[in-house]
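Chains here go by letter, A, B, C and D, matching the order in which they are written, and residues are numbered from 1 within each.
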């Protein structure tokens, strides 16, 4: 048992990171470059350009050298000062957590909160903004990966923009599952990560920053500069001078180039459609197995990750361990307040594909049987096979 | 369509080569060495030692620097001379083909032949040997990959050995699906390849040579030396002097080391059990889908590759193309005389695993539906899920 | 010209990152793991253990997920509060810069400063500490890579420790060039990076933290928690609960494991000796070419990077570009206030080796000739060849 | 000592294989494909097309799946029959060896022979052909790597072609050091390998076949078909039907694609010039060190490999071992009849570059000093630095 536990999994279909493509892995094999090598400067420039294509934006983009929580905190650290009032929308663990940074940097929190299997209603945002005209910033999570839910970020942010409120969106696992641009949706700071639906390697924050957001950062008291948390440092170094504030993670940048190239090559629309198709098939499987989706309604389910309520007689831990240790498939259990309540079947990046889904569902069925959960064998995979009729016409293979 | 055709598949589950493990791929990333570098000499020695472990033999082993047909021809070229009579057993395309080499090197062929969905009956071997006392060599294929069938090589070769007949076995896709040793089975020359059930990279022949076989090669008129086809060259160079007859394929040797290490680490018994479990599950799926196995009986089906008769209303080409082009799974159609008659679902090496099987079967079902074949969706994968009850106790994850 | 500029260099022998070993590159080829996969948890544990071996410490170690400036700022952010007085030692660009973080987090700076081609005199530290009994923290840079100089950190920190002053050492390019332990030298927070003399990949901070440093962080007003800059988060998550504060940079951790394994395998003493041998040979070459070392004395020259004053008639930029664009060798020019004044020949990690040194010096000679600098051809490499007599006895090949 | 011996070298600058480029190594990281996968068929087609570009030919090309001796023997096996008279030109070990295959396949050998430090005089070829009008085939080695010499193949083959004699040229280490086309030089069968001056991975034969050669193969008695040694098999399978005679070495083909792409990208003229520049600099170094070039004259020295006579007081083995074991540089000693007489400094493929040359020469000097050979330190590298003046104008960096 020890040996099998220690071994690498066959497939990583968790809530991110997930399996990355061979091309992305290969990209990290390129010799490490000195960051001021002309080849690296050109490559970094190209990566920035690809990132704008993937964000479908003409805003500036910044690649912060740390996992997305770095940029999420950086946004708060750059925009929030004592006296700032922020409307923080909470539909899950990450939304809830953002209040901590707002308070840490001295801000006041106004909260709109829904149960963790629900999504934020744009009407409630309107009401909160009307009730609190002092609100100057709004923070919201696009996809709440811990709950497998998705908020209507476009509607929400357009409401805020119309009122001159700066919007900060955690779209870490949202970029790639809906085709949007920050401009169209009214997002001032969009924070994504390569290791979720883009199918890349963790270690970087991908940020799109609107002119209004830059202006707001520069207008606060004591603008944040000279810090690992500073977005403005990247503006004054890379964007304005083609210098780096410090040594970037060279190999991760190589991987990011490959990840973004693949996204551009596939097309963001097609990538989003692919995630939506596979997620719909996963939900069909869950229903056919007689299990319960965690999100209250199918329409608010996240396309990157299907959260399933734990069936009676077993536990999240048992399911995760059985799938991983007996059959080599790594999925995620619950996180934060949802620990023990859900198991999450990831289908992000390269794993948002029928092959990975069938493998995952087959192993899920087998593991449930092993654990004594009564299911009709093959019903889950069968429903997914059924639901994917027409796949080829809608999405890239 | 062009673009999708051009793209790499998601999974290669054909009749070999198949997907190799990440560790094997990584091994080829090691810097190329000069073949007389001390590091390479040590490594080659280690590979030879690992190969003996995998063959479970104390016989000499030779790694010829070309795909297995090189060693199969080399065996004929080394042993057959005008006047040599060879009993050639034919239960499929490769068995049939071996007669060509026997004749090319001047030998007489005595043939025992069965239909290509059948296996050789050891009794018929006995009868042929009794009828032809002039026979000095026997050639047989362990697994006929084109037909997805398997011959009882152990029984056959022991019969031959008892009569002093030299046996040459094409176990190219047989090594790893049954746990055997050449000594126990009476095999004088066993020829395998890394790219089938060991899950390695094509380009090398793995050969185990008994003392009797060496003696026979040295006794023929004009023993074969000074040729790419010569086994004796490897004896007089590597085995006796730690020299190479010519530059070996350095990177392929790196890959082979990794492949063999993984085999030894898993254990040949467990590897064989793993293939047998997955093949049984594949056959259960075929039956549940109402399709017909190509081999006449389940007992003679090869554990590395399940050959399925083409259902009415479609064709092998259509199935292969639909699976590959729409869903990214590469399987094999028929080969040689079986072209158009079967589709072959490979489960060799790393693809002999429930995850790969479920993915393959789900895509197979989806493709059949696309092509208008009436199947009960989910029945195939469901039967495989069912059949794999107990997997963890019998085989490594 | 454009094409050549765009091309990858043959060798990266700059001030870090430098060329990494093939084994380190290959490690990043391993499939990305979910961070709570049992395989990743085991691997992370192993990396932490290897890091303690490399630091030769029994202190806790923390791997922060960003380049070393993250941990350097984190140390200030964790320890400095309004009212804290810090003795900041300045012998170069990085020492000078540290004052910025001290002030940013509210501290008072007492400074001991020497010219940028000099090293800090421990006596001056003693005097400053005596004159300012309110000092509770000291910050110093081990190797000032921009100047190619090295401070006597062991002597300095032991003086501070005797007075109960917490010491923070930037040993980013110092780990691996002298064999030391934080305990023996009296270092409370040692911050290193994989991408300098360990020869690894940039993107992580390697930190050794003494019990006294932990206590100090916990005693300040409003201890830093819940932030990307927090060291305490790592204590309460990984060290105490085997949880991560956020997703770590999985592939960079793979690379770090390989980097640390190589260091442990070589031995830190031998690694340090190797850097010292190669640096001595580089200095011999500079002298033989009639050029001027930037550091005032050979004894204070850094073993990882030889800074050379720019000879008359040319410029740092011209030398760097000629070496890079014509001969494919990337070295560094000056940085910060030393821009234009020096060229820096890096010999860190795998490039701290005679082969890399000879290549670099040959190209340096050729480039100087191309730029019209009068040198005696071969004198530099010849002196290095001479100086390396006995190499094999002292250092690993 | 054992540990160091076992370790990988830093640089492989032997007589081939040599260090390959990172891009070539990375190419082998691509997932293994089934050989009839549409992606592989397209890729193979592309490789064939690139190979014609590298050979600068419109002749058919064949990629045989084994190191170049396979194709060299295949040429003899395909063309030579009892009664065939072949003019075999011998200026070194490989030329001498070719007679073995001619005789093995039943031919008569007419020989022109020169000492192994000399080159064949085209006049002697003319005389031999005039004296033996029965000669229908000529065999010659382009670069005799064991001797570090080069024959005037263009002049020789044009003489043969004018007389209707089929020419077979071993240009294994010649492709890439002179820019030629088989058509221009009159070569009917040119056999090269990826692992020499193209800087690729060993394991394949690269063959260009003229229409006259195809015709000759088809006209002999019992044309060679159905064999690993058959060139005609490739004609009737790949060239005429896009089928493979057997499973090709998939990963080696990936590497070959990368190798050929790099060659085409650099340009064959520039690649040849690069080798010639570096070889000239190597010879200048040897002269400056007071050592003796093995080839009788500089004009006949091979551009890929400089053979140096062993100086008194030491031995080839001692030099090779000192360079390898103490300094990590692998070069070659003598081979065949030249064993013990020469040491060979390889500068092929990526190692045909100033950086690699300076590293190699510095280590060569250091090793000679270690062995007590009196040389002027730095004289060798200095002469090479001198000789490379103008490098940038003539050759790619």
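As a convention for this text, a residue touches a chain if its C-beta (ideal position, glycine included) is under 8 Å from a C-beta of that chain, and two chains touch if they have at least 3 such contacts.
Note that this is a predicted model, so its numbers are computed, not measured.
Enquirer: When you check each chain against chain A and chain D, which touch both of them?
Expert: Expected: B, C.
Enquirer: Of all the other chains, whose mean CA position lies farthest from chain A?
Expert: D
Enquirer: Looking at A-C and B-C, which one has the bigger number of contacting C-beta pairs?
Expert: Answer by contact count: A-C.
Enquirer: Quick check: how many Å separate the C-alpha centres of chain C and chain D?
Expert: Distance between chain centres, rounded to whole Å: 44 Å.
Enquirer: Between chain A and chain C, tell me the centre distance in angstrom, where each centre is the average of that chain's C-alpha atoms.
Expert: Inter-chain centre distance comes to 34 Å.
Enquirer: Counting in whole Å, what is the centre-to-centre distance of chain B and chain C, each centre being its mean C-alpha position?
Expert: Chain B and chain C have C-alpha centres separated by 53 Å.
Enquirer: Using the touch rule from the top of the page, what residues of chain A touch 2 or more other chains?
Expert: 7-8, 22, 25-26, 29-31, 325
Enquirer: Taking the complex as given, what residues does chain C use to touch chain B?
Expert: Chain C reaches chain B through residues 22, 25-26, 29-31.
Enquirer: Applying the document's contact rule, which stretches of chain C touch chain D when the two form their complex?
Expert: Per the touch definition, chain C meets chain D at residues 4, 7-8, 10-11, 22, 29, 325-329, 350, 353-359, 361-363, 365-366, 369-370, 376-386, 388-389, 391-392, 396-397.
Enquirer: What residues of chain B sit close enough to touch chain D in their complex?
Expert: Per the touch definition, chain B meets chain D at residues 5-9, 12, 14-20, 25-26, 28-39, 42, 65-67, 69-70, 73-74, 100-101, 104, 193, 195, 201-203, 226-229, 245-252, 255, 324-325, 330, 332.
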